[in-house]
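So the structure is just underneath, and the comments pick up after that.
By written order: A, B, C, D, E and F. Residues from 1 in each chain.
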Amino acid sequence: MKIKDIYDYLDSLSPFDLQEKWDNSGLVVGSFEEEVKKVYISIDLDEELLSNMEENSLVITHHPLIFSPLKRVNFDSYSTKLLRTLIQKNISLISMHTNIDKTHLNKYVGKDILGLNLENSEEYISYAKVNSSFDKFCEEISKKLNIEELKFVKCSDEVKRVALVTGAGMSMISEVKADCFLTGDIKYHDAMDAKTRGISLIDIRHYESECHFTELLYSLIEKYLKKNKLTAIMANSKNPFSFYNTRRNG
Amino acid sequence: MKIKDIYDYLDSLSPFDLQEKWDNSGLVVGSFEEEVKKVYISIDLDEELLSNMEENSLVITHHPLIFSPLKRVNFDSYSTKLLRTLIQKNISLISMHTNIDKTHLNKYVGKDILGLNLENSEEYISYAKVNSSFDKFCEEISKKLNIEELKFVKCSDEVKRVALVTGAGMSMISEVKADCFLTGDIKYHDAMDAKTRGISLIDIRHYESECHFTELLYSLIEKYLKKNKLTAIMANSKNPFSFYNTRRNG
Amino acid sequence: MKIKDIYDYLDSLSPFDLQEKWDNSGLVVGSFEEEVKKVYISIDLDEELLSNMEENSLVITHHPLIFSPLKRVNFDSYSTKLLRTLIQKNISLISMHTNIDKTHLNKYVGKDILGLNLENSEEYISYAKVNSSFDKFCEEISKKLNIEELKFVKCSDEVKRVALVTGAGMSMISEVKADCFLTGDIKYHDAMDAKTRGISLIDIRHYESECHFTELLYSLIEKYLKKNKLTAIMANSKNPFSFYNTRRNG
Amino acid sequence: MKIKDIYDYLDSLSPFDLQEKWDNSGLVVGSFEEEVKKVYISIDLDEELLSNMEENSLVITHHPLIFSPLKRVNFDSYSTKLLRTLIQKNISLISMHTNIDKTHLNKYVGKDILGLNLENSEEYISYAKVNSSFDKFCEEISKKLNIEELKFVKCSDEVKRVALVTGAGMSMISEVKADCFLTGDIKYHDAMDAKTRGISLIDIRHYESECHFTELLYSLIEKYLKKNKLTAIMANSKNPFSFYNTRRNG
Amino acid sequence: MKIKDIYDYLDSLSPFDLQEKWDNSGLVVGSFEEEVKKVYISIDLDEELLSNMEENSLVITHHPLIFSPLKRVNFDSYSTKLLRTLIQKNISLISMHTNIDKTHLNKYVGKDILGLNLENSEEYISYAKVNSSFDKFCEEISKKLNIEELKFVKCSDEVKRVALVTGAGMSMISEVKADCFLTGDIKYHDAMDAKTRGISLIDIRHYESECHFTELLYSLIEKYLKKNKLTAIMANSKNPFSFYNTRRNG
Amino acid sequence: MKIKDIYDYLDSLSPFDLQEKWDNSGLVVGSFEEEVKKVYISIDLDEELLSNMEENSLVITHHPLIFSPLKRVNFDSYSTKLLRTLIQKNISLISMHTNIDKTHLNKYVGKDILGLNLENSEEYISYAKVNSSFDKFCEEISKKLNIEELKFVKCSDEVKRVALVTGAGMSMISEVKADCFLTGDIKYHDAMDAKTRGISLIDIRHYESECHFTELLYSLIEKYLKKNKLTAIMANSKNPFSFYNTRRNG
């Protein structure tokens, strides 16, 4: 099967034209005319994952490998180092980023992973009524995402309505209409701002909130690939972060 | 004493002209002609801290209250909400940000707080030889900064040479010449990049690595203020983040 | 009554979305949730006017107090000095600028103040047939606007068709389809250009041509405010300009 | 004599390289190799002035004819209409604008025309001690510039120190260190700002404050031109503004 | 007849609004109110052509005389030198550039000059099936355009489908869907790129491929002008390039 | 030998810091730590040349492979297609472009290839006195560069002083102080402009004028490489252009 055919199927599920201007979703590395047999799905690429992939295959990631356009290919950065291996093994790369955020991923994580009762969803933000104590809600979230130490900003003891943006969503804080905001990669100044606005924050982390892309996309394309004699493989890259806990490790 | 005089003394310690173009260090709120008796020092402002300050005083913070210029003053964001209280209580605000990062803060944290043996320092980056196991080094850092759960990216079992940037320094990763980088506010894509470059990361957090601004500046200006009959008060704003740990809280 | 309700009523009269990109009409200072009892209307703010206003009130001006976004609030410029008083007295500020220019103000001044027979109006320009001698037309305009010394550029002895833009409209000269243009703040180079184009100019001044905003808006919202138990007050700021005339004063 | 030689002499008096980036001083129309016999000097060009000039001559103006670069030459604007006549009569044009503002014009007007006791001069601003009543000072200025009705903003009854910028200088208000500022083309918002800053303004008008360029340059180059058998002619364009005064005309 | 009337007729044939943003089609020099009797048509202007034109006439060119806006009119460049003569002889200039490229010129050259069997045409690109040997196709093209030495990049021995853009079209290479591309002004790096893409190139030159504008426009407007008692004259400027051939000249 | 060592030697010959801002000279593909044995030198890369190179080697070209930064690596353009082969064969690429233009190439071509008597050289332009008939000078140039059909614009029968810029230098026409300009890639509008300026042009073509980079660099680095046991190989990519001549081929 040609990459063009797989690309067209993905486009029918979640149109690439929906992506933001600054995004780079689509066929990032490789040629539409290439024939592939194996299709890997992963939130991202890393060296270990790539070393285990078969040559002449296709990998579909959530995040595009190339964000800042490349003027030098010196194998010293994330993009250029992995680009080399992709080319050496003739592996093609399609990324589905802000398009699938809008059409599937945010809602899937809210409903199927976090078990929230979603009420409505805007482009990147999903909303749910919660009505629970803040501490209890933290406990639930930490269990569902398997996060041992949950970082948060607490503005009140009760959570009434939450807003959810998987990945790194703090740039949307001024649009949030909720008393608690779940998103990842929350920085210090973001926290100071939210605290003053009176909006509680729970950091659901970038990797932990988006690694579900893999199972989600698998469920969306498995049948189609099978029918076309292609094997789909769920193969997430590793979370780059580890944690040293003085209580546990000390 | 007039604010102009205090400003000039601060400028002699750490020239405001050293700040970056995008920075907003200097007299952010208030007038040079104002007379003050009390001087507070804090990494930042928050509502509780401000409510405890006396009227007609001066506060010196590390981070400027205003970063993005204001077109609307609607009391709904960090900057505009606290600006209102500053004006209502006639409290003036001077910020010393990238100028003191360069002249004092980074080196002070490396040497006096983390106990590192600094070898050399560039504009924002300080370097030290370590030669320790990565795990042991993490243990030390977590103790010295009082961080219960330390986030890290581990690329090798030994740490030979560390680079240090207090606050949020990941934009400098391509200049770092060390096998381990200590900085705060490390995001997921930063971690993926560093891992591929083979540079270990230890997240020393923004607040925990820079709240030492307060004691540092106090020690630099206390005598001068006393001589001029002014009271200097160390009065840090609170860390906006709390942590829920399944082991501890669960 | 909440400011949000008053804002919505103003928006129904003259939608804030009609404003130009560079404009800053809307709620410039204050919060939508604030309750107010008194509403002042003025072309602009000045210190005397503000000192006479009651605390916790709302003022609606034609020109936004903030045009260039603020990075420093040092009480040394028009915007920051008056912003301080607004905050100290908890007075909110809504501005209706280019939106009401388009929907009401220009036509109102043309018809009700200058007594012109308006034929058609584009976005910011209103047209009228005149057919009078230039000198006589000047006499009428000076009377109606109460301008003792009228500045003009005379290209012919007759005025056939006039174009009107209140405020400062010389940037629109190339669109004007008339033999005489009435607008304010006419600069020397503007006059040289118009003279070469053969378009006469009469300087109706910025303040004198737009202070009518106050009575206009009063007439538009008085009933609504009364019904809601609010007092509307016409309270123009002063014209900053005075004139020394060698004939009169000398 | 070739235009290049005259240009070089002017450049030795007031280097063209001193001009601002946005300025267009220098040889604006014509060729350096052209031979000329007659040299006219004027603050600006207008149609009447041009119609009286001899063919194949040179005119030196203060303001450059072309400011915004031309994409269409349709003879419907100041620049393109006069450009046509210049070319038809083969008249060349040199402009000396911000370079001579800095080197001669501002100081000349301050000292020789206004009779001020200049203390020091920055790039575009000259300063003088005055110590007079504001009203009396207005009277003097109006006499010296022959302005019948003088527009002003009065912030206090006494004038201690004045700053002077001929032409249109209000963009420099934040640099002015004086209690009274003399400049031309003062707009309404400029006046509101100055009033709040407590800086009085006297509008010395653009034409009235800069038409002295003609006599100044004449005195600077007359001898040199004579020696080279060239005739220099003072020939100001007309002030485009006239005034209708209800007292005088009504 | 007024230029405005001729302009309107041209606009009805090929709307000026179709031009690209960077283009300068329309009335480039002259006034809409001018009366003319003679209309010249030419791909461009040059000094010889202009010297032969009658005064008070109109010339319609393909390329606008002014591309980069003019800040100085020093008669030392193509635009300013010819502008002088246009003004001295009171000749007006209308240019029809990217608008007529889109509506007529490209298709006319493809069909009537090159004798191609056009299949479909996009904005600037026309396509035709060819099915000939590359060498033979070159022979035909060189005959039809009267080009003695034809420059080409040959990627295969057969030509199946050609794309045509008259003038300088290499910036469109990535949109071309053909195995051979005919356009002019092909530069070295363009050739390297096309060769790697496997797209053959034949350089049909800028002048040789677009000088047909003259006969084309003549046929489109002759009747209309005649009816209005105007004379239309085909009067191409000369090709600036000549060729020295070692075989012929050596 | 490491690429870093070769890079440093090249930098000592012609500092990479001399390059223009828009240029991309330096190590474009590969890592400084790579060990190489063979060094190829070529004006550019093409597929045939690359297919003949040994793996794990280094190639030094005049033109950087990457000009516009890459967001997609789809193997459909010159840059991305050849980048793939470079990576697959582990061949590194250093480019020396505007730096060597300035320090060596332009002067070398003027003196050693064209046999001109260079008088002086500015950054990119070299000058020589010629004093010959234009036709005879064309004959010489065509022989020395081996160009069968030479394209030119002839403004006078004699050539007195020539300016030379190898590659594509027409953007510098306004700085040229000579009656004849030698450069490559001359486009139609360039020719129209030069003709009006009275400057003759001879198109020495991009490839034909710069392929001498190869022999030049070879002579500069051969000894150094030999001493370090490296083989240097002159291996120019092919000229992409061919020519069909009706006289010769017809």
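Following the convention adopted for this analysis, a contact is a pair of C-beta atoms (placed from the backbone, for glycine too) under 8 Å apart; a residue touches a chain by one contact, two chains touch by 3 or more.
Just so it is clear, the model here is predicted, and its values are computed rather than measured.
Asks: Using the touch definition from the top, list the chains contacting both chain A and chain B.
Replies: Expected: no chain.
Asks: How short can a path of touching chains from chain A to chain C be, counted in steps?
Replies: Shortest path length, in steps: 2.
Asks: Out of E-F and A-F, which chain pair has the most contact pairs?
Replies: Output for the comparison: E-F.
Asks: Averaging over Cα atoms per chain, report the distance between chain A and chain D in Å.
Replies: 63
Asks: Please work out the Cα centroid separation of chain B and chain F, and write it as a whole number of Å.
Replies: Measuring from centre to centre gives 52 Å for this pair.
Asks: Where the CA atoms of chain C average out and where those of chain D average out, how many Å apart are those spots?
Replies: The separation of the two C-alpha centroids amounts to 31 Å.
Asks: Based only on mean CA positions, could you tell me how far chain D sits from chain E in angstrom?
Replies: Whole-Å distance between the two chain centres: 47.
Asks: Listing for chain E: what residues touch at least two other chains?
Replies: 76
Asks: With chains as vertices and touches as edges, which is it: line, ring, star, complete or other?
Replies: Graph shape here is a ring: one loop, exactly two partners per chain.
Asks: So in the complex, which bits of chain A are touching chain F?
Replies: On the chain A side, the touching residues are 24, 26-32, 66, 68-76, 83-84, 87-88.
Asks: Within their complex, state which residues of chain D touch chain C.
Replies: Going by the criterion above, the answer is residues 44, 46-47, 63, 76-78, 81-82, 135, 138-139, 142-143, 147-154, 168, 174, 184-185, 187-189, 191-197, 205-207, 237, 240-250.
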